[in-house]
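In this document, chain identifiers A, B, C, D, E and F correspond to the written order of the chains, with residue numbering beginning at 1 in each.
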Amino acid sequence: MLHQWHGTIDLIRRALAEDEAAADATSGLLPAGMRGTAIMLAKQNGVIAGVEVGLAVFREVDLDVAWFASLDDGTRVEAGQHIVTIKGRLASILRAERTALNFVQRMSGIATATRAYVDEIAGTNAALIDTRKTLPGLRLLDKYSVRMGGGRNHRMSLADGVLIKDNHIAAAATIRETIADLVARARATAPHTVRIEVECDTLEQVRQSVEADADIVMLDNMSIEIMREAVSMCAGRVLTEASGGVTLAAVRTIAETGVDFVSAGAITHSVQALDISLDVTPDGAGA
Amino acid sequence: MLHQWHGTIDLIRRALAEDEAAADATSGLLPAGMRGTAIMLAKQNGVIAGVEVGLAVFREVDLDVAWFASLDDGTRVEAGQHIVTIKGRLASILRAERTALNFVQRMSGIATATRAYVDEIAGTNAALIDTRKTLPGLRLLDKYSVRMGGGRNHRMSLADGVLIKDNHIAAAATIRETIADLVARARATAPHTVRIEVECDTLEQVRQSVEADADIVMLDNMSIEIMREAVSMCAGRVLTEASGGVTLAAVRTIAETGVDFVSAGAITHSVQALDISLDVTPDGAGA
Amino acid sequence: MLHQWHGTIDLIRRALAEDEAAADATSGLLPAGMRGTAIMLAKQNGVIAGVEVGLAVFREVDLDVAWFASLDDGTRVEAGQHIVTIKGRLASILRAERTALNFVQRMSGIATATRAYVDEIAGTNAALIDTRKTLPGLRLLDKYSVRMGGGRNHRMSLADGVLIKDNHIAAAATIRETIADLVARARATAPHTVRIEVECDTLEQVRQSVEADADIVMLDNMSIEIMREAVSMCAGRVLTEASGGVTLAAVRTIAETGVDFVSAGAITHSVQALDISLDVTPDGAGA
Amino acid sequence: MLHQWHGTIDLIRRALAEDEAAADATSGLLPAGMRGTAIMLAKQNGVIAGVEVGLAVFREVDLDVAWFASLDDGTRVEAGQHIVTIKGRLASILRAERTALNFVQRMSGIATATRAYVDEIAGTNAALIDTRKTLPGLRLLDKYSVRMGGGRNHRMSLADGVLIKDNHIAAAATIRETIADLVARARATAPHTVRIEVECDTLEQVRQSVEADADIVMLDNMSIEIMREAVSMCAGRVLTEASGGVTLAAVRTIAETGVDFVSAGAITHSVQALDISLDVTPDGAGA
Amino acid sequence: MLHQWHGTIDLIRRALAEDEAAADATSGLLPAGMRGTAIMLAKQNGVIAGVEVGLAVFREVDLDVAWFASLDDGTRVEAGQHIVTIKGRLASILRAERTALNFVQRMSGIATATRAYVDEIAGTNAALIDTRKTLPGLRLLDKYSVRMGGGRNHRMSLADGVLIKDNHIAAAATIRETIADLVARARATAPHTVRIEVECDTLEQVRQSVEADADIVMLDNMSIEIMREAVSMCAGRVLTEASGGVTLAAVRTIAETGVDFVSAGAITHSVQALDISLDVTPDGAGA
Amino acid sequence: MLHQWHGTIDLIRRALAEDEAAADATSGLLPAGMRGTAIMLAKQNGVIAGVEVGLAVFREVDLDVAWFASLDDGTRVEAGQHIVTIKGRLASILRAERTALNFVQRMSGIATATRAYVDEIAGTNAALIDTRKTLPGLRLLDKYSVRMGGGRNHRMSLADGVLIKDNHIAAAATIRETIADLVARARATAPHTVRIEVECDTLEQVRQSVEADADIVMLDNMSIEIMREAVSMCAGRVLTEASGGVTLAAVRTIAETGVDFVSAGAITHSVQALDISLDVTPDGAGA
């Protein structure tokens, strides 16, 4: 699915530039013509994502690179499993190696963590969603990786949904405006294709949001009991999203309150890279 | 120290663009003239880094933003402590908030983790260093954050040092070249300002590297006993860097082998974001 | 509101570069120190938009430019009215002139056309909205100009709403999927912050969309009678957007069918630039 | 002639980025493997331009796109006529559709309008030329489209010709310099490859310009009689360009004064997009 | 005249990025707060150009830099003369030093060489002009430097003049077209603001060009006698430009043939950098 | 070896953009379909470098270009020798010609000059190295060209080595710090992969540097006798680099002092372009 990555080529170029791949002081020690085979290998169990981004790194360094037998993104892997085989000039492969792995390890790390959350809430009504707590420049890849782990995406950007947060509510209050006023103004001015969500800390705010005909309420840092009550206030009328304190340990209990969505910042802001390595064999080795 | 960030302004612009900050569907609900004060606040103990990068985000959105009383990068903070105070248009602050925090939370997360490793090996001979396992586009900021946590930097890029790795050695072997041949060629062709490091998996490779007059040997995934032996082979002649399996639990034992450097990939490839929030008060609130 | 334009500085630079403003063969004929005053002047009635983008062009060419007394964007102007006064180096003003006017004339042209449509449907239930038929690179400015003319924005991009069009429906049909299947899949996979709109050519499709619980139906190129019927099928359940054949002459009749939104491509894809000129007086002239 | 577009690939990328084509919330509803055929179709009579720019958009989204049987740019089309056929992944085609059409519709709109002006003055001595009133970032494409409509280009940028305008003349006057002084200085300092044109509002200015040996006089907003007189003052010595008030209705009368060039800003600053649509058929449909 | 450099800021950023100024391993050894004064000093006689570009480099690294008493570009300097004084953070000054000097030394080198040619042909009819043999990315700065040395500019780019060269003439000949055909087609299709120049190797070609009413003939690599004859064939009708073999030793003899222009590629393609250094004094030194 | 140039494609695009290759006013005079053959030809003896960069320029203008029989970079050529043959659309070849030659002529000029220095010091102990006195944006290509001429590279950037210069030493002195303090701090803070070099003007500084265990001393502008003495102070302990006043005439005498490296700024800051031309033959010519 390399055709999807049209937006990432600049990012790949910047990554190679900051690694000064074109001025690599080591790979030039090898004969220019030497070719080899590299196997990208999982060293941990997890879910793979970003294989084709990784391949695009190799091809940006050297168009004359071929690959075979890749697993599709979203597949579970076990330690020791081959992910993809790459063939080409050895010096090019070694130049691109670290940059390629930096992409694939993060993306697979996100997919793996997401999958753990998604599995944990299997059977409940809730869907696991991400946040805008992604890394600068990596939003598109981070959110793609969440989908590969079985999660869904919250808004891509500030333009993709109205989300009235505590700070907006507090600001409006200083000019004696209520949640209802803000929702009404959003309804009158925002693109009609986006929904209006209100971040609520209290049941009173939930009540106001429901009455204001908000589309979604975010139940922020509520206790499980309060959250359950909030869900029942909204039931059938307004979608509910649980947010705050969403750890892997807590997520099932939260999901069982009946919320429609649980959003987890940690799956993108605190990523454990999946351990993946590149085993390289020069052509002719072992002969 | 905002004068240091000349290289990051493009990254900040890309981050704001991918968040479509200029098309924020929510902040326009507030009156255009409304101003306010935002306090960046630690919600966890840790080490701060990236404050001025965060401020640069606010200023990129709106030049008319002022700030006060920032802690310097590298300072330890406790949960509840104020990091910096920002004053300006409320809509601008809210537009920039998430992007600014995404930078500061990652950078502080790196500084905090680094500091933990550095504290753990206090009193040994070893310095804690990073790797090239940084995120695409964030190399400069990641490595700066390591320094703020008391760590030192390994090479910035492929151009900043010769590092002959297992794959290079294996490739050379297919044309009957040894570690000594590779070191000699590096000595004859690489910039004379960079050192030559050899990744060694065995004591035999360490021996060859010492004889080849390498500047540094990387002791890769060795047991503690083997590592201790390797250190004594190198003592006084070649610098030693321990690498592989460097967890917070293991780092002191590793450092006590007498190595000069311990490199930890996890401090940049698997970052726990430091929990930091922005408390916003509209001017006139509470009056 | 110059603080809003953080996203446009690159566009301004590209515009000045393609005009080779730095290699202007004419303005160098004037003495380097000569200063002057320029008045941006409406030569037609209309609605002003983009004044600060225009000013940013002058400031990009020469930071030492001052301005006074600008009308706010969104204001109606009459032929002959002053919009803004600019003071600075004469050569800089002349270098920037055409590029600045190219921005302001298009943006004001969009605002003016939008205002005409909005005025035409005053008193009906319908809001006037734009489309994605904007010019390459100018999406943000085009959509801003629509708002300045009193219109509202449709989705900013393909990420800001699900819009199932005739081509999607036809594609799904080949694998025996219905509108209901598409809406259900969108509901299950798209960000929960965006609404789901279905483009309908027939009442049958409207019926299916309503039953599928779509959020919005687009009534595409329907006759007025059919449209009225469609509106009554949707009433109170699904939002309606009229699209296709929306001319200034037709818009009121369309709006009076009771639709919630009328989208007009022409206000951005076929813009009449508002006639605006720059009257320049050298300092000391007329003395 | 795709080989000509090397300058436009960045513009295409920016256009796709602002449309967030990589995060399209709708096209992912279709099966990833589904392929189809799209026919770009004129819905109005006109002149086609920009076909290959449109194709480049599709190929930027997905390299695996093929096309057939395109009309050449500059060809007249009638409503209903096929312009080009595209085959590839359906999701890719739908992602690229709007961006591709935004290019082709504007470019064809310019070619069509230009052709109307050019036809109107057929048989006179005058050539129809454009201005620098193009849209930011689109100068190259706008001017190319004018040529495809049978028009000629005025200068591409401020570097491609000296054009002494009313503002330059007024500025020079404050230091007691005349048109002759400005022309002489331009002759002495500007690149010898560009001509010197003087914008004249009066016959007196025309007389001065002719005496100053200007290469071209621009007859700006003159009445037909005055213009005719100006032409005879210049005949055989200085080229003449009519400018100002050049509508389709007026252009023939203006051309019949004997001027060498008539410049029309409207063909680029106030473009009617040519109505063009994309008819998409999934492979296997209708089987 | 910093206001002229709006086009060069990106080039400056790229230059600092390739020098990794933000990761300077040395300047961080000095205390962060230490300030100092730097004097840019000529170490050779010559003509200064690019001072403000150099200053812009320092300001890009650190906005908090002040400067005093600069000589204007185009001024002759003698060895030992101060060009400009800069005050600011010492680490910032040292980080920017090499990049700033790389700009100023090349630009002054071009101005100096140009001035030598210009002085050599003083009193003749000929003007000294440059070519498009400039360095990639530096066209604007190279051509500006030529003007600072008293030279004039040939066309800035392929768009700024028609220049029919030997290769064009040979290509036309294969379809039985003559110089006259090419000139006529250029007259009919090129922007009317640019002149038409024909490169001639022989007197026969000069004759054809004059008859074809070309605006300029380039006398390419002709002997002095032939050139003199060519000039007399053109006199009063067509401008003449001598090209090829234009060394400092030969330029006066060439100019004395009566040509209007002599173009010298060497002043930009083979530049001797002017020797300029930066003397830095820490504040408090010598106290 | 086109696969190495991944970092230069942006530079090539900028070069073509500044030459407005897409708006070439001349090459359009030829029939669009006409094809031809171009031979890149040395007109001077020298060493070739940059052939593939030149080819990349042609391919950026027109993908449909083929080439044959290129000499490898680093090869000596004699006047009249063919370097590479290019086949493709004539108009495309002519559009790209000047930009391609501007790259190849500079790069070959650097390789040629470097080779002259390298040959001059053949048989001595010294290696010829470059400096950071390269042109803005061209660092990578300039340093590559030096290698093609048989030279070696000094540090690529400020990040690739510690170089304590006179200005750093003077600054440290104001706070009573010595060379030993600076070296010690560098040893404690700089990446362990880079060496520490100290610029020395006097033997006393050399002595201090040796005692401080610096890795390299730069002998700056020393007389031959002093330099010889310095070399003997360093022998076997510290590498030595001669710098300053390194002309082709002086380089052998300097090298014979026994220094390890001689650095020459002139090979990159004052480049004589190698004379190379492009001979173009239209297909069908000469038939």
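Here is the rule we go by: a residue touches a chain if its C-beta (ideal position, glycine included) is under 8 Å from a C-beta of that chain, and two chains touch if they have at least 3 such contacts.
Every value quoted in this text rests on a predicted model; they were computed, and no experiment measured them.
Asker: Please give the intersection of the contact partners of chain A with those of chain D.
Answerer: Chains touching both chain A and chain D: C, F.
Asker: Would you kindly state whether over half or under half of the residue numbers at the chain D/chain F interface are used by both copies, giving same or different?
Answerer: Copies use mostly different positions to touch.
Asker: Counting only C-alpha atoms to place each centre, which chain is farthest from chain B?
Answerer: In terms of C-alpha centroids, the chain at the greatest distance from chain B is D.
Asker: Among all chains, whose Cα centre is located farthest from the one for chain A?
Answerer: E
Asker: If you tally contacting C-beta pairs, which pair wins, E-F or B-C?
Answerer: Between B-C and E-F, contacts are more numerous in E-F.
Asker: Can you check how far apart chain C and chain F are, centre to centre, with Cα atoms defining each centre and the answer in Å?
Answerer: Comparing mean C-alpha positions, chain F is 50 Å from chain C.
Asker: Go ahead and note the Å separation of the Cα centroids belonging to chain C and chain D.
Answerer: Using C-alpha averages as centres, the distance is 21 Å.
Asker: Could you state the distance in Å from the CA-based centre of chain A to that of chain F?
Answerer: Those two chain centres are 43 Å apart.
Asker: Could you check chain D for residues that touch two or more other chains and list them?
Answerer: Residue numbers touching two or more other chains: 20-21, 23, 140, 156-157, 159-163, 189, 191, 194.
Asker: Got a list of which chains touch which?
Answerer: Going through each pair of chains, those in contact are A-B, A-C, A-D, A-F, B-C, B-E, B-F, C-D, C-E, D-E, D-F, E-F.
Asker: Help me check something: in the complex, which residues belonging to chain C touch chain D?
Answerer: 11-12, 14-15, 18-21, 23-31, 34, 36, 90, 94-95, 97-99, 101-103, 105-106, 109, 132-140, 156-165, 167-168, 170-175, 182, 185-186, 189-191, 194, 269-273, 278, 280-285, 287
Asker: Could you pull out which chain E residues touch chain D in their complex?
Answerer: Those residues of chain E that touch chain D are 127, 129, 152-157, 159-163, 189, 191-195, 197, 216, 239, 241, 260-261.
Asker: Can you check the complex and tell me which residues of chain D touch chain F?
Answerer: The contact residues of chain D facing chain F are 1-8, 10, 140, 143, 156-157.
Asker: In the complex, go through chain B and note every residue touching chain C.
Answerer: Those residues of chain B that touch chain C are 13, 16-17, 20-23, 32, 60-64, 89, 92.
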